[in-house]
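Please read through the structure below; I'll follow up with questions.
As written, the chain order gives the labels A, B and C, with residue 1 at the start of each chain.
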Amino acid sequence: MLGLNKKDTSLLIVVAILALAAPFLLNPFPTNSAMAQFNAGYPDLMQRFVIFGIFAIGFNILFGLTGYLSFGHAAFLGVGSYAAVWMFKLLSYNVVPAIALSVVVAGIFSVLIGYVSLRRSGIYFSILTLAFAQMSFALAYSVLSNPKFNLTNGETGLQVYADDPQILHRDGLPDVPHLFGWAMRDNFLELKLGGWEFTFNNGYYLCALIMLVVFYLSIRLFRSPFGLMLRAVKSNQNRLNYTGLNPKPYTLAAFIISGMYAGLAGGLLAAMDPLAGAERMQWTASGEVVLMTILGGAGTLIGPVLGAGFIKYFENIFSKINDNVLHQWFAFMPDGMEDFMVFIVHPFVGKGWHLTLGILFMLVVTFLPGGLVEGGQRLLNVIRNRGRKPADPKDPEHHPKETPHVAE
Amino acid sequence: MDAILLQILNGLDKGSAYALIALGLTLIFGTLGVVNFAHGALFMLGAFCAVTLQRVLSASYEVIDETKVDFLGNPLKVKTPYVEGWFGPEVGGAIIDWAVPLSILIAIPFMIAVGFIMERGLIKHFYKRPHADQILVTFGLAIVLQEVIKYFFGANPIQTPPPDALLGVVNIGAPLSLELAYPIWRLVYFFFAIAIIGGVFSFLQFTTFGMVVRAGMADRETVGLLGIDIDRRFTIMFGLAAAVAGLAGVMYGPINPPNYHMGMDFLVLSFVVVVVGGMGSLPGAVLAGFLLGILESFASTTWATTTIPGINQIIIYLVAIIVLLTRPRGLMGRKGVMED
Amino acid sequence: MGILEVKGVNKRFGGLQALGDVNLSVAENTVHAIIGPNGAGKSTLLNCLVGKLIPDTGSVMFDGQSVLGRTPYEINQMGISRVFQTPEIFGDLTVFENMVIPAFAKRDGSFRMHAFESVLNEKEICERAEQLLEEVNMQDKIGMHSASLSRGDKRRLEMAMCLLQEPRLLLLDEPTAGMARADTNNTIDLLKEIKEQRDITICIIEHDMHVVFSLADRITVLAQGTPLVEDAPENIRGNPKVREAYLGEAA
């Protein structure tokens, strides 16, 4: 279907079902139950799942395929957000021109930064992208925000004011970001079934649809000759050169594509909440997308989406857990034991979420370089091997399969 | 003339910190071939050694002073630090006053131990893995370290004053009959940094250990073939580099109150310094550290910031990008080392 | 006029004269061997031919065009393929993927943005890759990860990748280095087959005299960066200068 093989088609369908049914799937607990704190079906959280999913899918095209580790991709996200908010200020609150411009501007930025950074490889490339990103942050935070020339509105962040031109704005259109009158922040359906509540948000569904489209494009890219060349860049640039292929334009193209994905994510962030701040460009924000991609599984199709969802979900849940919640959890224990457990767990939850994340990340890089996807595969293998007799005559080594020419 | 000299001097303290961190980064990269993103965190740990010692020394007990009463007529409770109780107010007070310099004594063994544990427990497993993995795992470690510090010390900067005797400013232009007021502590920091840099260089230059390490930096395989246990020495180098970063942090507290993210802030700039100086070149790291510190100080003058607003924020990155593009091996890097 | 003409090439590394006034002419559709003791400059010469090194002086002409100042991928697109001493393949990719890449390079040039259609839909390219693998007897390993191949198979894979591009000049850098006798003989047979079946010029650097004398039409002996003799194999065997060069190395 859609030019994909069977396996990829089913992957796409699974992702589509997950994305479209998210308001149900992420709210499995009744609103009044104790478990409701684990619900994640709120519009703004779901929006962040898919937007950062897009960001990570794009980052994966560069890092997962070519192995070039960029520490500056948040710059493109930030640029995308600024571009979108400027469109809101100048034209109207319609999200279409805003998102289009954010992709274009991020693309132009990534041409410039990519062209320069890709003249070096390895750690030099990482440090160059880091330097560019920090420079962009400084530019946005202070340099481009002065009375004479205010492009970014500095610390306050760029937002829409009442006296902005908005030349295409007409009466009757909502005064918030909208898609041809369809306000992003509105919910088109709020279902109450028994104790459960499900919210269907306009903005979320726009993001989810866009995510599905770009996810589909990334599957096509992975299976294409271009994707193959990118993996060849990672594997052996020397051989690539002596095979008559120029690695530079391939890596630059990958860089630009991933930059545009980041810009798209930035534009969507602004479309959901019309505000753009410089902190979105800081290098720790770039680090976050690296974490998402690695945690999920760099170089795999589904990994980055999983990683983005995983991090955003636990960020939200963990930061809500405070000592009261902990005491509830461990209430079944004897008193001293209970206090002790709360004492032990306390540093890792609430504001300590980053500590947990850091530890998790170190563990993954050290023991599970393939991320959650590799972990899942290993787990599956263990389960399968258990069900199998010890001496299996069908040893795959001696019977190479005919079909899987293209490695997963 | 005065103004120029003053800007140079103003750049020295930050430049010293850059130089010390970059020196450690280069030692680690040159000997172990590892890109250590947690090096800024080591700098931060050093600064918090000073914070910790200051807190420990200031730990007090309460005594009721029968001779005085507070405004409610109750006997006055006086807080006395234990050290003052043990050594008398004179000596005890002096010890507390000198907490920051004293922290050097605990920071050295502590930082060396941290370095050893880091190398043996984590970095060692990453020698044969790609640079990207090294960057990632040390980045993770940096997050962990700074979050641990945040947990214990909170998110706000913590004042760590220098000893009273070293407060205030001194006119160091006096011998040249110029008017150059300069904070004493910054001068101390500069000479402290020079001393450490001198120490590290003479250690590498004049000891057999240093000679082996330098040979290892130049050609690891050959040195390994000579039957020298280079790995053990490299572990010690890691401890040394950690100590250098830590000491830079200990003494930096009085210049800028330490907070948990100071390491990350310095890390990015220190990497830039290493790159500008030349990956793997120790003199390059030191030179570039001071140069960039001074450059930043010039870019922060009112003249510069009114001409190009915010130039002070981006100047170092601009320089780094230009250097990497025109002279990828940096100011003093050897030809062919990590050039592509 | 040979297909490859090297004239007056000099290359210095600091104080070391790696190549001194090298002249070499390789005739079309022949096998030309370059032999010489260690450090004679064989690899340096090869690197000058493929664009990895640029000679200080002199000219290197391939089919009437200069290769100097061109990058390795441009030179490859001109029709020169190189097999390395230690096999250079895409270790992370499968054997099949390894084979497809040169096929795309041959058809599409050094860069083309094909980011939508699947590799497997390029029927001609896939068939070509499979066909070449059959020729080197590796069709049963098509789905394997190339890093897990034996050394001999890696070499054959690399050779097949080069042949797929139908180069006019194939450069082989010690293709039998470190191989067992049987593998060496297989390689010789493979190269003989290639030579007979295709319009191809082969330039081979080799230590193993058995290989050289089984294959070469013409031999150049390099010593201390300078060509000592160039002649047909039967005349090289008895040449006293050649013996001296090799014995000098042994002494």
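FYI, contacts are C-beta pairs under 8 Å (C-beta built on N, C-alpha and C of every residue); 3 or more make two chains touch, one makes a residue touch a chain.
From a predicted model like this one, the values you see are computed outputs, not experimental measurements.
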Relative to subunit B, the most remote chain by C-alpha centroid is chain C
Which chain is the middle one, judged by CA centres?
-> A
Rounded Å distance between subunit A and subunit B, as computed from the means of their C-alpha atoms = 35
Could you grab the centroid distance between subunit A and subunit C? Build each centroid from C-alpha atoms only and quote it in angstrom.
-> 45
Using mean C-alpha positions as chain centres, tell me how far subunit B is from subunit C in Å, no decimals.
-> 53
Going by residue number, subunit A touches two or more other chains at none
Of all residues in subunit B, which touch subunit A in the complex?
-> 35, 122, 125, 130-133, 135-137, 139-144, 147-148, 150-151, 264, 268, 271-272, 275, 279, 308-311, 313-314, 317-318, 320-321, 324-325, 328, 338, 340
Touching residues on subunit A, where the partner in the complex is subunit B | 67, 69, 116, 119-124, 126-128, 130-132, 134-135, 138-139, 141-144, 146, 148, 283-284, 287, 290, 294, 347, 351-352, 354-355, 357-359, 361-362, 365-366, 369
Listed in rising order, the residues of subunit C that touch subunit A in the complex are 50, 71-73, 76-77, 81-82, 84, 88-94, 96-97, 100-102, 104-106, 108-122, 126, 140-145, 161, 165
Residue ranges of subunit A touching subunit C (in the complex, touch as defined) = 3-5, 217, 220-221, 223-229, 231-232, 234-236, 238-246, 249-250, 253, 257, 400-407
